[in-house]
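The following blocks contain the structures, represented as structure tokens.
Shared between the two complexes below is chain A, which has chain B as its partner in the first and chain C in the second.
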Partner chain A sequence: MTDDLESKLRDALRPAAPRENFEERLMARIAAAQRDPVKRRGAFTPTPATWWFSAAMAATVILAVGVQHHRVDQENREKGLEARRQVMQALRVTNDKLDLAYRAVRDQSGAIGGDPGA
Partner chain B sequence: MIMHKPWKWTLWLALVPALSFAANPRLVLPDFTALANKASDSVTITLDASMLSLAARFLDPNDPDQAAAEDAIKGLQGIVVRSYTFDQDAAYKASDLDGVRSQLTAPGWNRLMETRSQKSHASVEIFLMTDANKAVGLAVIASEPRQLTIVNIIGAIDLEKLHKIEGRFGVPKLDLGATKAPVSH
Partner chain C sequence: MDEQLAQARAGNLAAFGTLVQAHKRSVYSLALRMLGQPDLAEDTAQEVFMQLHANLRSIESSEHLGFWLRRVTTHRVIDYLRQRPSVAITSLDEEAEQIGSVDSGDPLLQRQLRQLILGLSPDARAVVTLRFQEDLDPLDIARTLNMPINTVKSHLKRSLDLMRQRIGQSS
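And now, the complex of A and B:
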């Protein structure tokens, strides 16, 4: 069994002469690969156009995200300022009406000789 | 206690929403569109907790008014204001406020004070809702010949802070704390 395997391996790995024009064909393929690098199998070398396209795409995405972020910030700011305006107005109206009650109490107390401000 | 009669269940079921409604410091204001249409000027403000929180972030602590306002709205869950100004007297009826008044007669609400000015023919009613000796709701109804205003403040109201705002806004202090005996309903 072991001898059989050994002989099979020896047969498979025995030195063999290259086929005809092997060297010429090999050199021709190397030369062709150097002339046109894109065609090399498994390798990708971007052309200048590809670089520009990718850069433009990236810039567009960054710009879009930035604009959107700014827009959301602006909207939140506008909402916040409007909420602030409403709070101040609501408190002013409330105080105005509390003052109305105060004046009525003061007038009534003044009529009977009291001092409501004390 | 087991209730066998269906009408008792009906009574209890009817009371459940009424009881939950009674404990709410947030008034359910009726639709005042008709009044708003008649008014020459109207203010409609409804601020919930998130809007108050947003507003607080934009209040300037260096501005005395805004700093006082920021302090006053801490702990509040809402502020609702409806105010209508009219060009002529008697543009609204007392019955327009029935829906609001009925809520203020519910348990929990106490009328802190009621003032009527003979001079200006204005009346102001101030209602307070308390829970465990803390104010959790305030309602103000101001009826003037040409103006009707309703204010509802919901949340942990600190009357001292309200006093500060009154002072900061140039309005004299109203001695709300001195009114110990509210008018019972």
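And now, the complex of A and C:
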């Protein structure tokens, strides 16, 4: 049955011929397309040159965005480092002042404590 | 044929005409069996040969030419059928109901088989047409349609089972 069906399908699908003037119409269309390539394309179809131009533009935009992002990132990092440096400086100054105050208090305490023995 | 191809690639329109003459039945019939409409099939075949003329430089040999034509034709028709599912895509059940009983006479049976093929999905139509019109084996069909070979075999088996069932029901 399978072989029978398959052979019947082959019979049913024997190649058919198009109308007689098929080649003439085709050649006329090709000749017309060669005369007017814009009309042949109809809608816009990118040529290799326009494709490469578009790709280059896209790559440039992506690169510019990346560079800008990197620059903003770098600026933020520098601002952070500067802030850290200022905080450290402030701590150092505070520390020095506290140290001075501590010494002053200690010296004063030593002077008071030494009087009775004098 | 390779010489005709070389001349066509060099811009010889007469040589291109010889290539068209050699392949027009195959291209037109592929489109016709999958679309079921002669006018639409002719338009499709003309578009395929227009595309061939514009891409002759990419054709390497006569074997490649045959492969290229089958591939472009089937993909064009499948795309067309997917965009316009109302054209001829009906379920096999509906198709079988529309065509009624299958007569044992050969010309009518052939017509009924072609109608049954038009009831298949676009991919299955392409597989069956390439198998029984172009006599391609499943591996070549898979390459032509860019489809896994198991999918090709599955389409073939299911399509034949359905057609056998319909014919069996009506006889």
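Keep in mind that, in the parts below, the second predicted complex is superposed on the first by the 73 of 118 C-alpha atoms of A that agree within 3 Å, B and C clash if a C-alpha of one lies under 4 Å from a C-alpha of the other, contacts with A are read in each partner's own complex, and residues count from 1 in each chain.
We take it that a residue touches a chain if its C-beta (ideal position, glycine included) is under 8 Å from a C-beta of that chain, and two chains touch if they have at least 3 such contacts.
What you see is a predicted model, and the numbers here were worked out from it, not measured in a lab.
Chemist: If you stack the two complexes on chain A, which partner ends up touching A:V105: first (chain B), second (chain C), both, or neither?
Modeler: It touches chain B, and chain C stays clear.
Chemist: Applying the touch criterion given at the start, work out whether A:A33 contacts chain B, chain C, both or neither, answering first, second, both or neither.
Modeler: After superposing on A, A:A33 lies in contact with chain C but is clear of chain B.
Chemist: Which partner chains sit in contact with A:G80 here, chain B, chain C, both or neither? Use first/second/both/neither.
Modeler: After superposing on A, A:G80 lies in contact with chain B but is clear of chain C.
Chemist: Name the contact category of A:A12: first (chain B only), second (chain C only), both, or neither.
Modeler: second
Chemist: After superposition on the shared chain, which partner residues are touched by A:N95: those of chain B (first), chain C (second), both, or neither?
Modeler: first
Chemist: Check whether A:F22 is in contact with chain B, with chain C, with both or with neither, and answer first, second, both or neither.
Modeler: second
Chemist: Within their complex, state which residues of chain B touch chain A.
Modeler: Interface residues on chain B, with respect to chain A: 43, 45, 47, 51-52, 54-55, 57-59, 65-66, 69, 72-73, 79, 81, 83, 113, 115-120, 122-124, 126, 140, 142, 144, 149, 151, 153, 162, 165-166, 169, 171-176.
Chemist: Mind listing the chain C positions that touch chain A in their complex?
Modeler: By the definition above, chain C touches chain A via 13, 16-17, 20-21, 24-26, 28-29, 32-33, 38, 41-42, 45-46, 49-50, 53, 106, 109-111, 113-114, 117, 128-129, 132-133, 135, 160, 163-164, 167.
Chemist: For the complex, give me every residue of chain A touching chain B.
Modeler: 76-77, 79-81, 83-84, 86-105, 107-108, 116-117
Chemist: Within their complex, state which residues of chain A touch chain C.
Modeler: Contact set of chain A toward chain C: 1-2, 5-6, 8-19, 22-23, 25-27, 29-30, 33, 40.
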